[in-house]
Amino acid sequence: MSKPRNITINVPVLARVEGEGALEIHSRGREITALSLRIFEAPRLFEKFLEGRDFGEIPDLVARICGICPVAYQMTAVHAFERLFGLDPGGWVRDMRRALYCGEWMQSHALHIHLLAAPDLLGYDNAIAMAQDHPEIVRRGLVLQALGNDLIRLFGGRSVHPVGVRVGGFHHAPDRSDVAELHVRLTAAVPEAEALLRWTLALKLPETEQRFVSVGLRHPAEYPMNEGRLASSTGLDAGVAEFERHFSEHQVDHSTALYCLFRGKPYLVGPLARVNLNLERLPAAVRAVLDESGIAWPSRNPFHSIIARAAETYYSVLEAARILKDYRVPGAPYVPAVAVAGAAIAATEAPRGTLWHRYDVGEDGCMRRARIVPPTSQNQARIEADLRQSIEALGVDSSDELLRRHCEMVIRSYDPCISCATHFLDLRRHRA
Amino acid sequence: MENGFLCRDRFQDLLEALRSLGYQCIGPQVRDGAILFVALVAAEELPRGVRDIQAPGSYRLERTAGPRFFGWANGPQALKPLVFAPREVLWRAERAEDATIRFIPELPPPLRLAVIGVRACDLAALDLQDRHFLGPPAEDASYAARRASLFLVAVHCSDPSDSCFCASTGDGPRASTGFDLALTELDDGFIVESGSGRGAQLAASLALDAVTGDMRSEAAAQAEAARARQRRRLPSRDLRAALFARLEHPRWALVAERCLACGNCSSVCPTCFCHAGVETPELDGAASVHARVWDSCFTQSHSYIHGITVRSDTRARYRQWFTHKLGSWHEQYGRSGCVGCGRCISWCPVGIDITEEAAAICTGTGHD
Amino acid sequence: MGEPAVMAKKPRVAVHKFSSCDGCQLAFLNLGEDLLRLSSMVELVHFAEAGPVDPDAEVDIAFVEGSISTAAAIERIRSVRSRSRFLVAMGACATAGGLQALRNLADGAAWVADIYAVPAELDLLASSTALAQHVRVDLELWGCPVSGRRVVAAVRALLFGVSPVEEQDKVCLDCKRSQTVCVMVTRGLPCMGPVTRTGCGALCPRFGRDCYSCYGPAENSNVEALGRRLEGVGLSRTAAGRRFLSINSAAPPFTEAGRRRAQDHE
Amino acid sequence: MTDLMVPHEAEVVERISESATIFTLRLRFRDGSRHARYRFVPGQFNMLYLYGVGEVPISVVSDPQDDALFDHTIRAIGRVTRGLSRLQPGDRLGIRGPFGCGWPLEQAQGHDVMIVTGGLGCAPAVSVINYVMRRRQLFGELVIVQGVKHAEDLIWAQRYHRWSRMEHTQVMVAADVGTALWPWHVGPVTELFAQARINASDTVAMMCGPEGMMRVAADHMRALGIVEGSMWLSMERSMHCGVGRCGHCQIGGKFVCKDGPVFNYTQVKDLLPVRGL
C-alpha cells in the first residue's frame, strides 16, 4: 500500500465543455479536502433584465442564455405563459414543438457524443484528431448534428437563437416541400441513428456503480419533452408548479452558478435520468437495442449517459420523422395570446435535463420577476459527488495525470453547460 | 387587335393553352398579406374578390364578394425580379493546382414563363429596363435570356390604388404596348386583345365569344373611371431642369429627417437597376462564384471610393434617387424613370410620397 | 478595420470565449463537413470547446466571442490581443457588449451595489462592454449569433490575404432581395429592419415576423425616424424604446434612441 | 456575342515596384488571339479581377502601340488593390475591358498640351504623358502641373525631374506643405498656372485628381484663356460593372464608366460644384 500524499489538481480551463469552467481538487492523505467544479464565468444577470419586459419579448431574450439549447429556453418560456394565460395552441403547434425539440436534442446530443465525449473514450485530444482515424464515426456524428440543426432551421431559420417561436405557437408554418425534404433525410438517418446507439453500446465505458437520484419529467403517454410532471427515482410525483417546494438552490463560494438540491441532496437530471425514469416510454425499436446490450436499467453508471444520449438521438430521429410524415400547413400557425397576471411556471426537458422557469407577470403583461433553474446548476452537486466517488474508487494515490484525465472525463460525461449555469445570480442571497 | 371574349369560367383554358406551348404560368396570388406573382396552376388560385388598400407606408388586402380576379392595383413586385433577378450568378471562376483560372459564364436556367396579370405600369417599366439592360455597349446576357423567355398577359387596370399615378406619367391605366395578350376584366369574363403574333395565335386557339357593344362601352367606362380615380400626380413629365436647378433645396434636408435610407423604394421600384458585384469563394478556395445582387443608391457602398463616400448622408442619397428617377433618366433613356406605379409610396416603411416631395421641391425657386 | 498581413500557409487560429452564451463558437462546431475541411486548412491551436487548449499561444487569427465584464477579462483580452495578428470580434457580445450590456443602463446604485456583494473573485464590472473598448479589433462580425456563412467568408478572405468584406447595409435590402413581403407595411409590425445591419438574410421577416435587431445598427441608421414610426404602428413610447434596448443596447445609436424613450416615461 | 461581364485570364509577366504602395503589373492575356486583338486608348480602364476577392477599375497606363504587354499602375489602398499588390510574375488574374472613353489624343495633336494632376499621383494622366513623350513631334508645348498636399506625398519625383529636362516640356510641382529639401513651389498649385509656357488659346488641357481641385484648376485655366471646350478631365466613381449597368458611377445623368471616365469639361461643369452628387 502506497503512502498517503497531498495532491492538488488544477485544470484551469476545461476542454470540451460548453462555457469555461475549471476543476480544483485538494487532498491530504486519503482525504479529499476540497473539490470543486469551479464555474467562474461572469454571471450575465439575465433574470434581472427580464424585469419590465413584455411576455412577447421573453422567448427571444431567454434563448440567449444558451447557444446550445436556445430551443429549450424558448419552449419553457412559452409553455409557462400559455399555462398562465390558459391558452391552448392546439395539436399542430404541440406536434411541431415536439419536432423542433427533437432537432435540438439531435444536434446537442450528436455534438456532445462526437465532438466532446468520444475523444475521451477513444483516446484522443479532440474530435478533429479523432477524425483522422475514425472518419466515418465523426462524419456520422456531423450528419446527425446537421440534421438536428436543419430541423431547428425549418422552424426557426437558424439553429442558434432561432426566430420562429412565439407565445401561442410559431410565427410561420414551414412549407410542405421543405418539410417533405427534411422527412426524407430523417427517414434516411434512422439506420445511422440506430448504428450510433449500437456503437455507444459497444464502447468500453468505465465500470462504476453509484447511488444517485434521477429526476426528470414524466408524461402519461410519451417520452417527456415539453410536458409532464416532476418525477424522481425515489418516487416524487409533483406538478411543475410545486418545484420550489422540493428543490432549493443555494450559493457556494467557488461558483457563479447556484447549486440546486432535491430535498437537500444532490441529484441527476439529463438523458440518463430521463431514460432511467422513462424507459418504457421509448418506442420498441429503441428499447430493443437497449435490451440487447444487457445493461440493467435503470442504470447506476453515470458513464452510461452517452448511451442514453444516443438512445435519445435515435428516438428523436424516429419521433421527428413520425411527426413530419403527414405534415399539413395549418390555417394559422399560432393562437394570439392575451396576458393574464400571475405566476407563469413551466418545466421542459432540455437536452441536458429539466429546465424550470417561473415568471411573475403583471397586469400589463410585463415581467415583475423571473427565476430560471437550468439543468447544469441542478447537476453540479451531483458532478462533484461523482468526482469524489470516482477519485476514491481510482485511489487517491493514482498519478496526478490519471486523476486529472479521469476527472475531466467524468465532468464531460455530464455535458455540463456553463453558459446555462451562469446566466444569473440570485442577488438577494449575496447581500447577507 | 381585339380577339373576342373569354368567359370567366373558361379562364383555365388560357392557362392550359399557355402550358401546352411550354410555358410555366406565373400569376397573382395572395401570399403573406400581399399580391405576389407566383407559379399559377389553376384559375381558382387567383385572388378572386381581393382588393388592395394602399396608402403611404401601408398595404392591406381586403376580401369582397365580387367575382373579379384582378380587382386590385399591384403588389410589391413588378416584372423586375423575373428579368433583373435579385441575385444573378454571372460567372464562376475555378483555379487549378497550377494557378490557372478558368472562367465559366453562367446563364439563368432556360424557363419559358407566361406572366398573367401584368399591369400597364409594369410594361412601361419593363420597356425602361430593356433600354437599360439591352442597349449599348452590348446586351446583358442574363437579362436578355430571362427577357426572351417571357410571354406577357396584361390586364388593364380597373382598380388603381390610392398610391397610383400612372395616368399622370402617361403609362396607364390601360396597357397600350409590350404585351402578347391584354385582357379587360368585366364581371363575366375578359375581352381578349392581342399585341403580338404569338399572342394572336394563342388567342385563336381559345374558344372566344363575340365582344358586344355593351361590353366595349363598359370597358371604356371602366378605363375612364380608373383614370379619374387617381388623385396623385407629378408636376410634369419632365422634371429634369426643375430638379437640377434645385439641388440645394431645403426640402432635401427635411425629407432626410424622415427617410430611413433603407432602400425599400429602390427595391420595389420596377425601373431601378442598381446592382453590386459580390464574390463568394468556396471555403477550400478551388472555385469562386461572382454574382450581382440588387443594390440601392441609399447604401453607403453605392458611392464609396476608397476613403470617400461621395453620398455620405441621407440627404445626398435621397436626392440621388429622386433626381435620377425623375430627372437624369431623361438624359440616359429619353424619359422619366417613373411609371407611376406608386410602389415606392406604399412600401416605404415611413410613407414618404414621391409625388408630394416632387410638388414640394419643384414649386418655388429652390431658395426659399 | 485592420489589414491582414500575408498569412502563413497554414495560419494558426484561436477561438477565445468571454462572457457569452457560446452560440457564436457554434458557428464553427456547426460547420459540419466544412469543419473538417477548415481544420485541414488552418491549425486550431486554442478552442477549448472543441478540444485544443492553449490560451497563451501566438496566433495569426483570433476569433473572440463574448463581452468584457470582469477586470480579469480586461487583462485577458489584452493578452489575447498581444498574441494575435488579426483579431476578429465575433457576435453581439464582442461587438456591442451583448444582451448582458443591459446592465450598463441600470441606474448605478441598485444593480451595481448588488454586483459588488458577490464574492471578490468575481470582480464583476458595472458594465459589459465590446472588445473594441479595450483593444484594437481588426474585424467585427456582428450578429447574435454571428452567421456561419460570414465566419467562413472571413476565414476564406484571410487565407487569400485580404481583409474580409464588412456588411453594413440594412436588413430591408436583403428582405427585398428575398422577395419577402414587408411585415411593417402589411401588418404594422414594429420591424427593426430599416436600422439593422444585414448578415442574417432577413430571417425574421422571412419567418413572418418583425426583426428585433440581433445584428445591431446598420451604417447611417435613422433611429429617430424609425422610433417615431414604431410609435406610429402602435407601440407605447417605452415599448418602442425597448426595441432599441435589447440585444445591442450598448451600440451607440441604439442606446440613445432607447434611453430617450425610457427616460421620457419616468 | 461576347459577354462583357465575364473576365478573361491574364498573366502577370512582370511586377515593378514604384514606391512602397504603388506597383505596376505588366500583363498579357493567356489567350494569344485575344491578346493580339486587344486595343485601347490612354484613359480607358480595365476591370481587374483578383481571384476569389473581387473586381476593381484600373486605368491602362501602357502605350497603345506596345503590343507585347499592357500595364496597370496601381496604388495598394484597400481590399482588392492590396491583394493585387501581392501578385508575382506567373500569377493569374481576370481582365475585362477596355471600357470607357480615353483622352482626346488625336484632337490634341498639333496643339500645346497642359496636364494638371492633383493628389497622390494619377495613373490616367501618366498614360497621356507617356503617350505624348513618345510622340513628342506631334504635339506643341507640354506643361505638366502636379500639386500635392504634403511634400512627402509626391511619388515619382525622378520622373518629374527627367521630364523637366526634356525639350518643350515644362514641369511645375507644388506642395501645400513643403519640406526642407523640397525643390519645388510651396503653396497652392494654382499659383503656378500663370507661369505656364503655352499658347492658351491653342491648348488642350487634361486634368485628373480630386474633383474640388479640378474645379479650381479649370477656373484658373479659363482665366489663362484656355477655352472650356478644350479642357478634359478624368472622373472617378465606384464601379462594379464597367459597362453602364450597375449604376454606381452615376454623376447626374452620366455613367462615368461609359460616358467617361474622360469628360469634356463642358459636360460636367454644372455637376462638379455640387457636393454629394
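When the chains are written out, they are named A, B, C and D in that same order, and each has its own residue count from 1.
Quick note on the criterion: contacts are C-beta pairs under 8 Å (C-beta built on N, C-alpha and C of every residue); 3 or more make two chains touch, one makes a residue touch a chain.
Because the structure is predicted, anything quoted here is derived from the model rather than measured.
Asks: Find the chain most remote from chain B, comparing centres computed as mean CA coordinates.
Replies: Here the answer is chain A, farthest from chain B.
Asks: Which chain has its Cα centroid closest to the overall Cα centroid?
Replies: C
Asks: Compute the distance, rounded to whole Å, between the mean C-alpha positions of chain B and chain D.
Replies: 40
Asks: Just the number, please: Cα centre separation of chain B and chain C in whole Å.
Replies: 37
Asks: Any idea how many Å lie between the Cα centroids of chain A and chain C?
Replies: Using C-alpha averages as centres, the distance is 25 Å.
Asks: Could you state the distance in Å from the CA-based centre of chain A to that of chain B?
Replies: 51
Asks: Any chance you could list the residues of chain D touching two or more other chains?
Replies: 51-53 - these are the residues of chain D that touch more than one other chain.
Asks: Mind pulling the residue numbers of chain C that touch at least two other chains?
Replies: 156, 160, 208
Asks: Hunt down the residues of chain B that sit against at least two other chains at once, touch-wise.
Replies: In chain B, the residues touching two or more other chains are 281, 285, 295, 301, 312-313.
Asks: Which chain pairs here would you call touching?
Replies: So, checking each combination of chains, I get A-C, B-C, B-D, C-D as the touching pairs.
Asks: Mind listing the chain A positions that touch chain C in their complex?
Replies: Spelled out, the residues of chain A in touch with chain C are 13-20, 40-46, 48-49, 53-54, 57, 60-61, 64-68, 70, 107, 111, 115-116, 119, 125-129, 131, 138-139, 142-143, 145-146, 149, 156-161, 163-164, 166, 171-172, 253, 256, 333, 417, 419, 425, 427, 430-431.
Asks: What part of chain D is in contact with chain B in the complex they form?
Replies: 1-9, 30, 49, 51-55, 77-78, 81, 90-94, 236-238, 240-241, 243-248, 250, 252-255, 258, 270, 274-277
Asks: So in the complex, which bits of chain C are touching chain A?
Replies: Touch residues, chain C against chain A: 17-27, 29-30, 32-33, 35-36, 39, 44, 48-53, 55, 69-70, 73, 98-100, 102-103, 106, 111, 114-115, 117-119, 121-122, 124, 128, 144-145, 147, 200, 203-204, 206-209, 212, 214, 239, 242, 246-247.
Asks: Per the contact definition, I'd like the list of chain C residues that touch chain D in the complex.
Replies: Touching chain D: residues 3, 6, 156-157, 160-163, 165 of chain C.
Asks: Spell out the residues on chain C that touch chain B in their complex, using ranges where they run on.
Replies: Residues 34, 37-38, 41, 152-153, 155-156, 159-160, 168-170, 172-173, 176-182, 184-188, 191, 193-195, 208, 219-222, 224-226, 228-229.
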